[in-house]
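Before I ask anything, let me first share the structure, which is written out below as structure tokens.
Order of writing sets the labels: A, B, C, D, E and F. Residues in every chain begin at 1.
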Amino acid sequence: MTANPIRPTIPLDAPGKAHGFLRLPYSRNDSAWGSVMIPITVIANGQGPTALLTGANHGDEYEGPIALQQLAWEIEPEEVTGRIILIPYLNSPAFRAGTRVSPIDQVNLNRAFPGKPDGSPSQKIADYICNTLVPMADVVLDYHSGGKTLDFLPFAAAHYLADKTQQEACFAAVRAFGAPYSMMMVEIDAVGMFDTAVEEQGKVFVTTELGGGGTATARSAEIALRGAKNVLRHAGILSGGIELAGGSRMLDMPADDCFHFATCDGLVQSLVDLGDAVTAGQPIARIWPKDRSGVAPEEVRANRDGLLAARHFPGLVQGGDCLAVIAVLV
Amino acid sequence: MTANPIRPTIPLDAPGKAHGFLRLPYSRNDSAWGSVMIPITVIANGQGPTALLTGANHGDEYEGPIALQQLAWEIEPEEVTGRIILIPYLNSPAFRAGTRVSPIDQVNLNRAFPGKPDGSPSQKIADYICNTLVPMADVVLDYHSGGKTLDFLPFAAAHYLADKTQQEACFAAVRAFGAPYSMMMVEIDAVGMFDTAVEEQGKVFVTTELGGGGTATARSAEIALRGAKNVLRHAGILSGGIELAGGSRMLDMPADDCFHFATCDGLVQSLVDLGDAVTAGQPIARIWPKDRSGVAPEEVRANRDGLLAARHFPGLVQGGDCLAVIAVLV
Amino acid sequence: MTANPIRPTIPLDAPGKAHGFLRLPYSRNDSAWGSVMIPITVIANGQGPTALLTGANHGDEYEGPIALQQLAWEIEPEEVTGRIILIPYLNSPAFRAGTRVSPIDQVNLNRAFPGKPDGSPSQKIADYICNTLVPMADVVLDYHSGGKTLDFLPFAAAHYLADKTQQEACFAAVRAFGAPYSMMMVEIDAVGMFDTAVEEQGKVFVTTELGGGGTATARSAEIALRGAKNVLRHAGILSGGIELAGGSRMLDMPADDCFHFATCDGLVQSLVDLGDAVTAGQPIARIWPKDRSGVAPEEVRANRDGLLAARHFPGLVQGGDCLAVIAVLV
Amino acid sequence: MTANPIRPTIPLDAPGKAHGFLRLPYSRNDSAWGSVMIPITVIANGQGPTALLTGANHGDEYEGPIALQQLAWEIEPEEVTGRIILIPYLNSPAFRAGTRVSPIDQVNLNRAFPGKPDGSPSQKIADYICNTLVPMADVVLDYHSGGKTLDFLPFAAAHYLADKTQQEACFAAVRAFGAPYSMMMVEIDAVGMFDTAVEEQGKVFVTTELGGGGTATARSAEIALRGAKNVLRHAGILSGGIELAGGSRMLDMPADDCFHFATCDGLVQSLVDLGDAVTAGQPIARIWPKDRSGVAPEEVRANRDGLLAARHFPGLVQGGDCLAVIAVLV
Amino acid sequence: MTANPIRPTIPLDAPGKAHGFLRLPYSRNDSAWGSVMIPITVIANGQGPTALLTGANHGDEYEGPIALQQLAWEIEPEEVTGRIILIPYLNSPAFRAGTRVSPIDQVNLNRAFPGKPDGSPSQKIADYICNTLVPMADVVLDYHSGGKTLDFLPFAAAHYLADKTQQEACFAAVRAFGAPYSMMMVEIDAVGMFDTAVEEQGKVFVTTELGGGGTATARSAEIALRGAKNVLRHAGILSGGIELAGGSRMLDMPADDCFHFATCDGLVQSLVDLGDAVTAGQPIARIWPKDRSGVAPEEVRANRDGLLAARHFPGLVQGGDCLAVIAVLV
Amino acid sequence: MTANPIRPTIPLDAPGKAHGFLRLPYSRNDSAWGSVMIPITVIANGQGPTALLTGANHGDEYEGPIALQQLAWEIEPEEVTGRIILIPYLNSPAFRAGTRVSPIDQVNLNRAFPGKPDGSPSQKIADYICNTLVPMADVVLDYHSGGKTLDFLPFAAAHYLADKTQQEACFAAVRAFGAPYSMMMVEIDAVGMFDTAVEEQGKVFVTTELGGGGTATARSAEIALRGAKNVLRHAGILSGGIELAGGSRMLDMPADDCFHFATCDGLVQSLVDLGDAVTAGQPIARIWPKDRSGVAPEEVRANRDGLLAARHFPGLVQGGDCLAVIAVLV
């Protein structure tokens, strides 16, 4: 059995605050003895639980990286009881390239878990996180947003789990996060996800979708930052009280027909915006041809009542792209 | 003197409604006798002025293309007195590629005017528009948005011109457009712009910035569509009355210090959102390093009081990118 | 065991005629929730056998796609007894890109069978075809041509099989196809081929090579279309009688020395054309250097008597490319 | 005035036979002091006229390069009265890359004449040929074929010229060439062509289109070789008699409506082949969609009676590509 | 079990001298029936041991290819007792591209052993070498240098092995090689290396690092050539006596802290050169920012006493690249 | 006449020490309102002459950038009488990419002078340097090395000029620089060079070639740094005395036959190293084929006596590349 070659440049269990890297040797044409360097910050003090917070699992999602950089800079050991491990750019090659998947091996990191210690660079990262860092943690918060091609209403989420005690602990953390929307999810295709890998180890796990389009707004970054602090306080690791900014509405995506796919390539005309109410049969988008004028657009109609919870972001669409997701308030 | 090789596949002066192409022969590796095809729709009826409406001057700006596709599909000749020439995808190679500049010659079409009849493909397009189509027009509306890398408060605009009668006619059309914001602009660097080429021919010219990020929302597309109809009605070409949706606030960008530039590469944290009020000296954005955690961010502060009118859109920034524009209400 | 994520958007077993897609979810940088869409047409009526017809297994071979598009458009359910499943662009990403192998994963689809349900996109396509569609079929016709880099005399072919009854059924279908040439083949390297995957399920299988060069002529497309109708009529699925256009000559490629390889890079001068008779030792091609004039070319001579059945198509060749195939009439 | 930096590595006026290069210094990232090397062969003997023969003006056309390599290898000085200058790969960067236009500067060499001595590499080549080599020549033969994207009936051609004596001399050379088809052409857009640059110097000029698809057949290469020898013999430079292989039929492309353009992107189904007779209104091609099955194709019909003289070669087409050319026999 | 498809074009066991290829069928977009061709020379005479000499395991390392080309050209069978198998360009696709890893499959060949007969092209090469050629050999010499991104003091090396008799035989061959430096190595990460694959078969194995930077000097090529002859003479295969050019100094890299990594991206300023003595704590390199002037550089200090044995070669560095290796003389 | 849009972010004439940028607005796909940022440092004190020092005119040459970064960091205003303007990365886009020519417009900056204020980005940089900064300067030092593809003996140089007083002033500065070699040059092709643009303004100009291969050694960087200080002291701008490290030998490249070009593509075997003496007719390099073993190499012989002053650096060469330069000691 091959050992994972990733090594931290700082101790992960020393008290105080340290900034370093997870170093993954990576031989390539432009550096025979090069490395992938993943920044990591550890803030530890006294006895207590460990939280692992990760951003940029997909490299084009920015709320997590911003929040974690700010926490790494601001939190002092004396505010901590236990340990906080912060990895703002989990998929650092993708983050530096501004892409969803890793430019090194074209792997979608969030479908590469539990990873392989002797696999491609992304598979090695997944293996190290899953088999070295997650076992150290009690609570894991992994940030997502829509990236450059999707846009979401901001929500935190937990999964329906076989272990109802674990499920309730997860959802309690989601409530503590305090995003404008919250969601309980059944993951249709959970294979390879970080979420699954963490939950199978019995940990408290929170995920999010906080916006998208390949940008972060002042508001979406603030949701991310406040949510992280709230989860850390909820876990008893960070001092201070939970701060909620207004209530959180419960969303649900109950069935496959929530998802609406483009039937052809073209120029997208959205007819409703995120958060707008829709009724079944209502036109929600048009697709115009890219090569001519004067013909009728394809029209996409809502499969069900609800509100627009996610949408395709770029102005152009390809047949088969997810164009819209309609969720229901519960 | 070489003649411009672009030819329309439909007559530009026949009554009725016709859809065709401006065909520009373009020999390339994958088609020795290929062409650039620019869709065009002409709707003409009776005697009256001519309006020329253009979208996708930059290929990643979508409000104009959507509005013009809808007009090309909906307007019937009997609603028209005069002529409407619609070119939803002026820079069609860039539009099809989803890029700002043309993938064929890397030219920024909006700095290529008045064009060259024997130049690169973009220069030929500029020459044909400027020297064949604009002379036919009385009113020209050219749509812009922020594209994939900028985001704007939605406004229509005209320029300060030496000919005050022309200036007033332009601004009257801006008022008719009815965007949430309106602006009178001094163009610092007007060389090569379509705007300048049109204004120098004494035409009524309206330009816009209606959003950005490489997407269009239902709301921003609606502003674009209503604005075009209003301008056409204001010009007496389209039947029906002007529809204004609330008032339009006057913006001004009075000086160079409205523009704030990134001082280094990194991850952007916006501290204010579009439309937020700011005061001079207030931090408006941070830039975090892409390669490490735990260090203080660069902080960008407001040069002046005002409101955030435009911002860098992608989550990553490079040194020298325009990070924010502060405008003032007048 | 992971389930294959491909889903048809139309029922595969309903009577009548339906056009839809095989949808394969495919997350990528330019569409986080994107899909590969493979067009499919099903025409079913009454009780009878099922035929599966596939084109563009390699994306740069065009006779199959043309014939299958025409059949999908023309055949009406009332002409059918049983079911016809038409997939004009089996390797749709490669077809859209005009390449032999898939631009998504660089996989040669015809060496990816029987596929993997959790593999790369091409491996998922192979698995779905092999394990979902082929089991529904009695007869499978998979179209090939030389693609952009080879050119062939037009032939249909079957393989020598251990099961002589199956072998005879396959060759009867080849005769029914009625191409100008027919062939019985021993596949040297059958691993991973669609052919093998189908034959191992005991099905009647016909393959073809109908031309090449990355184009289809009117004549080669007509051979493809008539061949498909003939196979469908031979199987009793399509009404009407078999139409043969002149006889079919039997070709054989009896040994490894039929294949002639380029011994260096250079400019190819063919000395014989497809169908020309050659005798052992006769010069059949020259290779001239790409970087100088005035030196003698490399000369390639025929290893055996026969006729030129296939040749390297592009004007330039690389050392190791197959330059010519000499077959014998039997 | 800047001097052209191209230098021959052999004398161009010495008796005998010499092989060398035209060396064009070209500084680039992968060779700071690199060069473009264009192979050249000069065969001279006694007093007599000079012929300049050029191939690969477009880098993906192969009949000329093959014929000129064979002549450079075979012709001995004692067969020559005067001088033969052979440049098999005029656009050598494009020839080595197998592309129509130069990969260095993306310039179409046959639209770059008369060139610029201080321009891009292609412009420097054009200038050197036009202003140094052509003035040495009495007869110029420049080979063309359809390249990778067009296919032609094989013909040699001359242009209608103001100087009727020159025109007749050119056409006499075309007749001597002896291709299966011959043509007198009015060049619609002659700006930048090598043809024009040569004719304006009063030289005898012959051009060809001898096939296409990015390949040469044994037959098309033989036409090219025999034609060159015939032109050289006709000019009294090469010993031996003109060899005609059957008659040459006169073609004409009398008007713009000979050219048929694709109206959309898609998969091409040719309904007639090169040399087939067509009548006005007859369907000559269909275009099927690349993204779906079951819809009617676009149909392209003949604008006029005639025979198919050229066609789009690749299986896929883009809107605006020339799909077919119908010529008439005269 | 799939058989490896690689076939030699010459017999590997015939007496005399033969030059040919290892031919690996490789279907790709630009040649459907293409091949990877790996040049090979076999020189055999009488009874005796077999030596296998390989260069360009990494495609950008040139001393081995030069030495082996010269041996293949110079050595005559009568100088040989036994057999010499020379493969100057083991990773021929990478060698032709001038890259470390194969451009075909992005695989680092020296981490792909023992290979897979049905894997990617690099894995097939590894399998063929490991399971067909190495079993024929008694002695294996595999050349390495630093490639384009590292530079080394010139040394030959053997590994510490469990079998001390084998280890001594290997080191005796290293001494015979006679490089300016010699080394005994513990390979930290031996998985996938050619070295390991050979040693596990009980063979005598010598490896080298002879310079770097993507070039070879006259001196470094001479070390490589003389070393190969010496090893062949030491093994009794080549006639003549061992020629040593001065003594060889023993180097050791005893611990992980010999390796110094860049802590950020930037411009490298080396403060010591290869072979210079350093003391612990001494600054050995600076890293200046690429985007600004006037700030202090990062400084890298020696972890230990020794001499500079290897260094990062390119002027720019990325965080995580190996910047320097300090070795000790023993 | 268009004004150059480049603006410094710091005053160029204020006393003290300031670090900033030359900002060139550059609209591109990934930043609509982006800029090229060129770092600049100005150190001024009292009355005295101005020196302009520039590095990375070609982006892959590193001695200049290192020396200028160190000067920008170390020199304090009190050591200065007059003004020092330091631009470590003149061609900053190429420097950041590690390429000779600019990745933005593929322009070789050192052939773009005197530039164009409305040209491509490189042309704008050339214009600003030439027409804004050089007029401020009395002495200009522009650093060069061989870059990634050439390697040089280290020398400083001046040109033979019509104005002998200016020439002597330049050569006095060369002597002051104190490189191991010095040279007086006749520039064959001086068009477009920075050198020419500076000399035509009557300034004292020094250029260098200090090594190459895309790296800098500790020794070559030290030559660069000492040389700059010496030139500044020689000009009376920097306090302290000139430090010479051993004598400087005078080199000359008297004729075109100093330059030796590769006659074919292949693998380079150098037979002499930089500084080695050679005699006319001596073999200095071999070129081995990249695609086969066992054939004789091309051999390149010295055109004249002298010493090897420059050589092609990469292990592979293309026909037409400069392989070697032989200089003579004078």
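Basically, a residue touches a chain if its C-beta (ideal position, glycine included) is under 8 Å from a C-beta of that chain, and two chains touch if they have at least 3 such contacts.
Predicted model only: the values in this text are computed from it and were never measured.
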Which of C-D and C-F has more C-beta pairs touching across its chains: C-D
Chain whose Cα centroid lies at the greatest distance from that of subunit F: C
Separation of subunit B from subunit F, taking each centre as the mean of its C-alpha atoms, in whole Å: 43
Shared interface positions of subunit A, touching two or more other chains: 21, 37, 60, 291-292, 314, 319
Contact graph of the chains (line, ring, star, complete, other): other
Interchain pairs in contact, sorted by label: A-B, A-C, A-D, A-E, B-D, B-E, B-F, C-D, C-E, C-F, D-F, E-F
List of subunit E residues in touch with subunit F within their complex: 17, 19, 21, 37, 39-41, 60, 62, 65-66, 68-70, 72-73, 86, 88-89, 95-96, 98, 151, 213-219, 221, 267-273, 276, 288, 290-297, 313-316
Of all residues in subunit C, those that touch subunit F in their complex: 264-265, 291-292, 319
Touching residues on subunit A, where the partner in the complex is subunit E: 2, 5, 21, 23, 25-37, 118
Subunit D-touching residues of subunit F, taken from the complex the two chains share: 58, 60, 99-101, 108, 111, 146-150, 189, 191, 259, 261, 312, 314, 318-322
